[in-house]
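Starting off with a structure, shown below.
Lettered A, B, C, D, E and F in written order, each chain numbered from 1.
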Amino acid sequence: MGKKVVTFGELMMRLSGIGHARLVQAASLDVVYAGAEANVAVGLSNMGIDSAHVTRFPDNDLGRAAVNSLRMQGVDTGHILFGKERMGIYFVENGAMQRTSRIIYDRYDSAFAHIKPGMVDWKHVLKDASWLHWTGITPAVSQGAADTCMEAVTQAFQSGVKISGDINYRRVLWKYGKNAIDVMPSLIAKSHYIVGGVSDIENCTGLKAGSFEEAAILLKKNFSSVVAIANVDREIVNASHNRIAGALWTESGLSRSKTYDLTHIVDRIGAGDAFMAGWIYSILNNRTSQEQVDFATAACALKHSVEGDANMVSAMEIQDLVSGVNVGKLLR
Amino acid sequence: MGKKVVTFGELMMRLSGIGHARLVQAASLDVVYAGAEANVAVGLSNMGIDSAHVTRFPDNDLGRAAVNSLRMQGVDTGHILFGKERMGIYFVENGAMQRTSRIIYDRYDSAFAHIKPGMVDWKHVLKDASWLHWTGITPAVSQGAADTCMEAVTQAFQSGVKISGDINYRRVLWKYGKNAIDVMPSLIAKSHYIVGGVSDIENCTGLKAGSFEEAAILLKKNFSSVVAIANVDREIVNASHNRIAGALWTESGLSRSKTYDLTHIVDRIGAGDAFMAGWIYSILNNRTSQEQVDFATAACALKHSVEGDANMVSAMEIQDLVSGVNVGKLLR
Amino acid sequence: MGKKVVTFGELMMRLSGIGHARLVQAASLDVVYAGAEANVAVGLSNMGIDSAHVTRFPDNDLGRAAVNSLRMQGVDTGHILFGKERMGIYFVENGAMQRTSRIIYDRYDSAFAHIKPGMVDWKHVLKDASWLHWTGITPAVSQGAADTCMEAVTQAFQSGVKISGDINYRRVLWKYGKNAIDVMPSLIAKSHYIVGGVSDIENCTGLKAGSFEEAAILLKKNFSSVVAIANVDREIVNASHNRIAGALWTESGLSRSKTYDLTHIVDRIGAGDAFMAGWIYSILNNRTSQEQVDFATAACALKHSVEGDANMVSAMEIQDLVSGVNVGKLLR
Amino acid sequence: MGKKVVTFGELMMRLSGIGHARLVQAASLDVVYAGAEANVAVGLSNMGIDSAHVTRFPDNDLGRAAVNSLRMQGVDTGHILFGKERMGIYFVENGAMQRTSRIIYDRYDSAFAHIKPGMVDWKHVLKDASWLHWTGITPAVSQGAADTCMEAVTQAFQSGVKISGDINYRRVLWKYGKNAIDVMPSLIAKSHYIVGGVSDIENCTGLKAGSFEEAAILLKKNFSSVVAIANVDREIVNASHNRIAGALWTESGLSRSKTYDLTHIVDRIGAGDAFMAGWIYSILNNRTSQEQVDFATAACALKHSVEGDANMVSAMEIQDLVSGVNVGKLLR
Amino acid sequence: MGKKVVTFGELMMRLSGIGHARLVQAASLDVVYAGAEANVAVGLSNMGIDSAHVTRFPDNDLGRAAVNSLRMQGVDTGHILFGKERMGIYFVENGAMQRTSRIIYDRYDSAFAHIKPGMVDWKHVLKDASWLHWTGITPAVSQGAADTCMEAVTQAFQSGVKISGDINYRRVLWKYGKNAIDVMPSLIAKSHYIVGGVSDIENCTGLKAGSFEEAAILLKKNFSSVVAIANVDREIVNASHNRIAGALWTESGLSRSKTYDLTHIVDRIGAGDAFMAGWIYSILNNRTSQEQVDFATAACALKHSVEGDANMVSAMEIQDLVSGVNVGKLLR
Amino acid sequence: MGKKVVTFGELMMRLSGIGHARLVQAASLDVVYAGAEANVAVGLSNMGIDSAHVTRFPDNDLGRAAVNSLRMQGVDTGHILFGKERMGIYFVENGAMQRTSRIIYDRYDSAFAHIKPGMVDWKHVLKDASWLHWTGITPAVSQGAADTCMEAVTQAFQSGVKISGDINYRRVLWKYGKNAIDVMPSLIAKSHYIVGGVSDIENCTGLKAGSFEEAAILLKKNFSSVVAIANVDREIVNASHNRIAGALWTESGLSRSKTYDLTHIVDRIGAGDAFMAGWIYSILNNRTSQEQVDFATAACALKHSVEGDANMVSAMEIQDLVSGVNVGKLLR
């Protein structure tokens, strides 16, 4: 697999309370570096797919630690930029049962938010790429990030690189004067694989639908480049217990995965990114739609058992879960 | 809310095994300072209610650490006394599934056990108070503690301060020569809000009943000052999984909360105190009986997800649980 | 209870990831010393039965730490040998939900693997013994270990010491040129109490059966010294949730325990050894077959709530679980 | 001591590597909340002096945790403001020997940086105050912080409250368009007690001197309100070993403390604040100049042995060090 | 070495702050079980000498954990008694540089304090003993402890067992109505080896001397059973840096060890007990006086580098230090 | 700097006691992956020099974690081989003061020990290399490792790649039948830069000398390819305090660095490798001999302040130490 999957977006320092401690109780915090798009790069690398992440870090020890955390996972960091602003941070409080989990974002004015078109030589970056992945978080961060995202997508589209976008609508992020609907349609218009649910699609495109299938059909109708739309449905029993099932729509119809009962959640952050990575993996491996949604959803399910944002599981572990092999056993 | 809720009772050093370690395995122990009545003060402070705790500590670094732990939570510690005896201690072993949780008390001869009537200037303490809270643990500790509790209740009763008592019967505590039934009736006789179940009520008053409602009616009949009686029913599936539901009786009848399924308990110690704090909060906020039992039980439910004895949740978090808003979600 | 239960087998250093961390994430590892047979000795000691463990350690600080860990639990270590090779090690990754738990063994060339007949003075060791326990792991480790195990069993058989064997078939261990079927029958032929399931029995003896009862009857028919056969059935809901039930066959018939629902597993390693220890305890205390299987299975159930391999629970705790007393409560 | 010492300035979240870990190695970070001025309030509170801190926090769990950390130490937090911006953060890497210690500041755009004149009711805040303390860090943060500092100093000066300023020049902080020399003279002009060395004084006032005494004399000549100037001289043997000595100038002349040999530094951050707190304590207790510099320097020395920014030592411990009582002993 | 060294005294739970944290900062505490006399038993066991400890514990998990901690170190715990009172506790705060280390004792009313003559069958205990060791702490704890200590010493004296006493005077311990001088002389009168300095000897016997040699000569003159007196001189540079040197007096004269420069103290508690164990070891191995004091002082020096009270070093490590072999090297 | 420094040798799992805990006390162990040659690659990468490491790992999660640890530091791991044997391990006990530090090696039968000539395509590996580094540890591990090392050196020599060898004699390692003197001369004969002291040189070549300079001259005389010889002299005050100074000999004469007083050692393992990396860096940057020894020794000095084997310091930090800039300061 010589060609790389390139991901683009902000990587932040994640500071999490230990166990179920509330942030007000925290005498120490666990540190990892994570971000929606980089999580996909790391997930793919763990499945054996070459990946590279493009972002912008502050030129200090926190930026260097973030680079190290990607390199550790085998992600190519050769295209990362450095600037003089700060590292984005987010604080995680791990809920339990009825108590919600909470994230406090502290990403304003980060080095990534100051990225601008022209800073990244996308032609060079995408030269060896088979795939570009972006998410709806990036265009929400700043005008510069939105413009740079569009620049990347445009270059990839021209170069015949496959493009995926997880549209991932988060209202609170859009603070720089634009709304999702101002920016997202032109990004979707040059993408092939979209992850999003009914409300994401409505918020990002204005297309209203009563079901995922209907939303997918509408999206396809309005954005002809799109070839497949996928989504994970999540039922929240409580903070410790969720159920998930994946759905994938193509013009051939809708495929659904089995439902996973996630009864003892270790860490659910990054589960959507794990789904995305699993989906890209299956497409790159020429799997059928049913196989794609099965594999992507199993990847997503396993993520809930792994600490941190990144899905440190191998393709074989995911495939075993799809096949029902060794599930939950003690392997000696 | 200018007037304070004053709580009176022993605050101890709680030493807990890490995770599910048994005490015989413990190479280190987590430290918090807690006690049934102080837990109520802390719970109320986290809900935005001014509170003050009255107790007696040894005049050493452990006593100072205990004061700090209350001040941190916003509890007024200005009336705390210091003596030369020791800090009461309890050791907690956190069970799992079929294995019981265990507490080893080591509170004999504590500075609090040596408290005596006349040491606290109750008139002064209660000057700015709207409420006094005591529990059945205090009169069980020593004759001096029982007498001082009576002194406090008497003064509050005379001053028109509302009084609540969690009668919380624990047979093993009564070692100084008196039994609950010798002491508790006179305390209940000057209280307005009582928490207790059928067996608590029988053990503390001799009144036998076949149901909570019957017990409440009997209690009211015998103790005319009492205006409401509440209790939490707990079904123990195993040490990691309980179900709770609250009940509240007034002369207008019985109100019951929904049942909470607590499937992944983090720490159940202090759950009753969280219920008490939630109840006091609702009364002070003039809620209806149904609202009171709903709020108090939701507070109790949330406590099971919080490490330590104290219920570090806000009134808004509790209200959200009552309303079914954001329950178990990941809030970004 | 003057006479000891003697166990024989390898004790290894167990290095476990913290919480649910994957081994590739581990910045530190928890250390205990454990092994299938020694786990039985420790379990019995915690139940109040004198026990001694025979093994061979490297003559370095790791060997000394392993001795300490047994002495701490009250196991007699006076017969342990020391050599110049290495300490066997195993690495444990604690799974969750759908993610499997994993053990990486690193026990090749250990001091124990170099044990040889004649090194242990079995006559002396067994002089004060009432019982000898071995498992199918030991003869799998090396020819020397297999021969020494046979030497021990032969001496015990001659001395009228009761002998138990947990046949515990693990295909990957048999690497020195022999298979289980070459070695196990002669060990079983001199044993009285056997733990094993249908496939264990088939792999170790070639006897094929459709059910545990049938397997047990066949085993008895072919190995006349055997007086009872037991086994734990395990249903794996997921890595965090299992169900177990015990079965015990004697010529009087089959006894079954209740099923335990293990909904929040803390550590399942050593559960079979806990069953074995519980069974030996009940036999030494002259319990009936039903009482034996009830007690052994309750011991096994409790093990799932205890960190580490060893079952640090008392006979009274196990008996309380059998009797349904205090199960999952908070004991003050 | 009814009147309070009021301190004003930013309190940040301090995230420190564990032990001597470099920030790039950090898998977790210790959390405290600290700031130059608040450190003085905490130090005074530990010496038994009532203190209050004025600052502005984000209205989130980090702001609440910061409030808790001050309340825990007995500092009055009743005048703290809340806004919608972020918590200032700084990252600490603890050096050793030849390796430097490092701080990465991430305080831009904090809630405190957005403070503006008129937000704090200084008349009300200073009503019960005997003292106001500010540092040169605050006017460096933002125009609003500088203006609010001037507002506070002006009000205190008018009200006859004693005013101290630690001029603490840090070039890298002055980024909003002003330099120290534009702002500091008018603050110093209304202050009575100044901490600063030769280069601080030059950078903040333009007054050049060859020695501390000369600088102090010059400062007094130019700023008639100033009654005393103090400073700590630090000799850096290496990051683990420093030597300090205090100097205090008044019109009566120069007093010097003994030199403390700090051979095994635990944490040197906040040492200057500890000196300041010790000095304020001694002035409030009417000590002589020699006693003042002795006490303040001993407080500073002890700080180097205490983890975190805040000097958690009592006045008695400081006095014992001044007197050479029990120094370095094991007290049982 | 078939015969055992028997030690008698209280073993407590030691709860220590982590690193240099003050007790008021402690969010968790490290746990070991230790006591002056048991430390000697553990030290001897680590040197290869059989030892047994006699004490009285509460019959709960803390008592069991304390037994485990002794068994782990190879100390015979077969003579330990159990009662219903509490475990003695002490809290340790580890100082640094000028800041003192502190111990808060919480041992009142412990199970050991309730020991009484007749509870221990000393004839049986001492049957296989070559040595009995006591300290001046035991008779200070309670009348019962003093009487039981006298009972043990008397029995040992009659049986021809060698007796050592570390007279270890601590004024604050003597609270039950007796002073050292009331009790110690009769214990010393039946002892052969005494550890104590000039002031210890004066406080315990009333014998005043100007030097250790003079004190030793006086002690010998007044207590004819005593054959040797030893002591460690400690110079406190600061809490992190001490210097020690041993002295040993017999009728043949005074021997002195070299001085050890302890420049980076890890844990100094138990250093005197390490000296005692080293001395007993050397006497049992028939070393000369000079060899005795050299070995005992080297043992004491090494203790300062070991965490916890107990001296986990081998006789060979101590001998290497005496011989100047490998000191401070990195041994591969 | 396009060309890489290639290092070849075993990378092991390092398991270290926490703080100063002895291995027998360890309840958990810190994990890093390290080895003499890989430490050089990591050191160089932190100085900004491209490096690649060649080794052989077991094909399991430990091997993968080891790869991750190199990738994290920016070392190219593309040439690493995987086999089915085990990961070499070493256990570290961190001494203090007079107590020695200790390493227990457990590297027998590792995947690296099974490396054989022909497994690595050295022509390919060295294609982009400017430098090859080996140490005397590798040829000591196994015949296959020695042969593969010779294979690498021969290929590099032919390709005109610069070659350095740290001859690092460790007697205990040579167990497979050869001695250093059988193998090392032919490796030295094809190397250009040698690190070794008088006794290393004697043990590896038989050349006896009375001083480093004399040894270096002799080595040059006998091994004409060698152009420079360097060494670090270490004076051990105690385990916590060493002094080091570097020496470098070329035909132009001897250069010596200043002496560094390492008064509070954090971790001295890998110090020699840090020296080596510093030396290679200076040669690649065309420094003079004096500059080389100054830079290499400063790198070595800084390593003593960094946890783990690897020298995580930048070239600028090293240069600052050489220049005496900011040494031991607190940089804000």
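What we mean here is this: a residue touches a chain if its C-beta (ideal position, glycine included) is under 8 Å from a C-beta of that chain, and two chains touch if they have at least 3 such contacts.
As the structure is a computational prediction, the values presented were derived from the model and not from experiment.
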If you apply the touch rule, which chains end up adjacent to both subunit D and subunit F? A, E
Shortest path length from subunit D to subunit E (each step joins two touching chains): 1
Please work out the Cα centroid separation of subunit C and subunit F, and write it as a whole number of Å. 44
How many Å are there between the centre of subunit B and the centre of subunit F, using C-alpha atoms for each centre? 62
At least two partner chains per residue is the criterion; list those residues in subunit D. 19, 22, 24, 27, 68, 102, 264
Which two-chain combinations qualify as touching? A-B, A-C, A-D, A-F, B-C, B-D, B-E, C-E, C-F, D-E, D-F, E-F
Using the touch definition from the top, list the residues of subunit D that touch subunit A in their complex. 15, 18, 22-24, 26-31, 60-62, 64-65, 68, 86-87, 89, 91, 93, 102, 104, 106, 108-109
Residues of subunit E defined as touching subunit C within the complex: 68-69, 71-74
Residue set of subunit E touching subunit F in the complex reads 19, 260-266, 298, 301-302, 304-308, 312-313, 317, 321, 326-332
If you look only at subunit B, which of its residues touch subunit C in the complex? 19-22, 24-25, 95-103, 105, 170, 172, 236-241, 264, 268-269
